[in-house]
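My questions all concern the structure below.
Chain IDs A, B, C and D follow the sequence of writing; residue 1 opens each chain.
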Amino acid sequence: MAETPVSSSSPFPPKNPRFREAVTESFSRQAFMATLGASLALVEPGEVHIAVPFSPSLTQQNGFLHAGVVTSVADSACGYAAFTLAPPETDVLAVEFKINLLAPARSPRFLACATVLRPGRTLTVCEAKVYGILADGARELVASMLSTIITRQVNKAS
Amino acid sequence: MAETPVSSSSPFPPKNPRFREAVTESFSRQAFMATLGASLALVEPGEVHIAVPFSPSLTQQNGFLHAGVVTSVADSACGYAAFTLAPPETDVLAVEFKINLLAPARSPRFLACATVLRPGRTLTVCEAKVYGILADGARELVASMLSTIITRQVNKAS
Amino acid sequence: MAETPVSSSSPFPPKNPRFREAVTESFSRQAFMATLGASLALVEPGEVHIAVPFSPSLTQQNGFLHAGVVTSVADSACGYAAFTLAPPETDVLAVEFKINLLAPARSPRFLACATVLRPGRTLTVCEAKVYGILADGARELVASMLSTIITRQVNKAS
Amino acid sequence: MAETPVSSSSPFPPKNPRFREAVTESFSRQAFMATLGASLALVEPGEVHIAVPFSPSLTQQNGFLHAGVVTSVADSACGYAAFTLAPPETDVLAVEFKINLLAPARSPRFLACATVLRPGRTLTVCEAKVYGILADGARELVASMLSTIITRQVNKAS
């Protein structure tokens, strides 16, 4: 992810000029994302996409991607979408989320696309759509998430 | 899990006398549960517990268990709690769930305990609590989930 | 609401050619909507808007619209958005929903705008945004809902 | 509600010795609760019950209590359960909630029973069950809610 300039159409100005580095560095410490084979696909102010390929090691009883995997990448995408708008020296944690699973997750690849609905000093609300990406590039909506994220000072006791 | 008799105090009678085998067999096909190192800890009518040990491969950016892992075992526990009450020749799928993450997941072991709130022919609603299990056996509430599960005939087109 | 032709751009074709009458008739039987002063503002295939004016009788402790009112109109809007796509001789019921309250509800008027994310024979998933409508017509996002609705045959025992 | 001593079995000690007065006073300012005919039925540390009688003015299209009414009393019960544990000079606001509607709401009276799952300085998580109370006093579980509440200093700008 090159340090491309932020689109002037962004509705939410980032407070951390190095937000892309901050997201990338934090994502690299999420060992679980590596376990899933997930990678950052887009990092813009208020928007983060995470891609994950289908793998037999990530399936439920019918051979589809487990809802927990779909949820995990959507959760991380929401957290990092919030993080793009957070000030330096902070961290983000998911407070809660809700997800509707809309179709069986049987595509070769999936993309969780999270956007900030309302940024806040303490709480940020994000939504995410997870798409199955078919071989021809067509997208199928697989899940929809609504999530609340809290921003905290780093090194501050909980 | 031996074929122990069903407790007479169970509020919901199972419709499948071999529900324990059905749950165990389906769980064994959830490759993602093996990837997480998760195992069935209890299977009773309307109640299922799933255990998962902490692992560095399952962490988020601060070294705690990723919310997606906590959610994944809670989701499977809810699905299988519903499945204990389903008739033979059916399968269950999560329609949606919501989870609140209540404390950092930093215990050596976690237990997701799901119970059926309302069984139904089509839809079953479950709740789950996820506990961190400390070295001395003490429990700390880590997350609370509310989930809707659909029961479907096997081999029936969606 | 005149019987205007359905927009050809609608992603979901209605199964009931008299869906507008069906929605309007059902809404008129929701006594609670009259109690709130709410009215249908738009009925299109897969999309329903409900308007509600601010009233001192609908407030919480700080004089803002109670979250329950915001939620009630969003819930009805989601249910009727699903109902626009339901076959004749059916009814809809909310299975569950989740709502994030994003800003204090202190506008003179509110509009709940629901759309269908995924229609289904049994379950339909909708999302709704609730906007505060300011005196100059500007909109402020007040709440976001994600809802699951079940479609049932009329007169069918539950 | 007399100033009865707090049960020694309460898991969460209140920080405001006058929490009952604070809850009662705030509830009396929720005009919407009066519009619904709702009343406080129990106020204990970490637990609040709100009762609402069935009324034809509160119904949905089939003559049952509207899901929005069930939700409104559950939401207020959760907010006030959190408020029982809040310090003096604070107020509470619902951040979000999710509710599952488990049975048609056709009893003569309903009781929303909210308890605190996890109290926090900033965020408190509550769950509520709503019961239909039958003529013979029997209870039927009608809905289950999971809610996040934020505690704020009074007179502090948002």
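Convention: a residue touches a chain if its C-beta (ideal position, glycine included) is under 8 Å from a C-beta of that chain, and two chains touch if they have at least 3 such contacts.
Quick caveat: nothing in here was measured; it's all calculated off a predicted structure.
Taking the mean Cα position of each chain as its centre, C sits at the greatest distance from chain B.
By count of C-beta pairs in contact, A-C exceeds the other of the chain pairs A-C and A-D. Averaging Cα coordinates per chain places chain A and chain B 24 Å apart. Centre-to-centre spacing of chain A and chain C amounts to 29 Å, using the average Cα coordinate of each chain. Chain A and chain D, compared by their mean Cα positions, are separated by 33 Å. Each of residues 95-96, 98, 100, 125, 146, 148 in chain B touches at least two other chains.
Chain C meets chain B in the complex at residues 95-96, 98, 122-123, 125, 146, 148, 150.
Listed in rising order, the residues of chain A touching chain B in the complex are 26-27, 29-35, 56-62, 66-69, 71-73, 75-76, 91, 93-101, 104, 158.
Chain A contributes residues 98, 100, 102-103, 117-118, 125, 127, 141, 144, 146, 148 to its touches with chain C in the complex.
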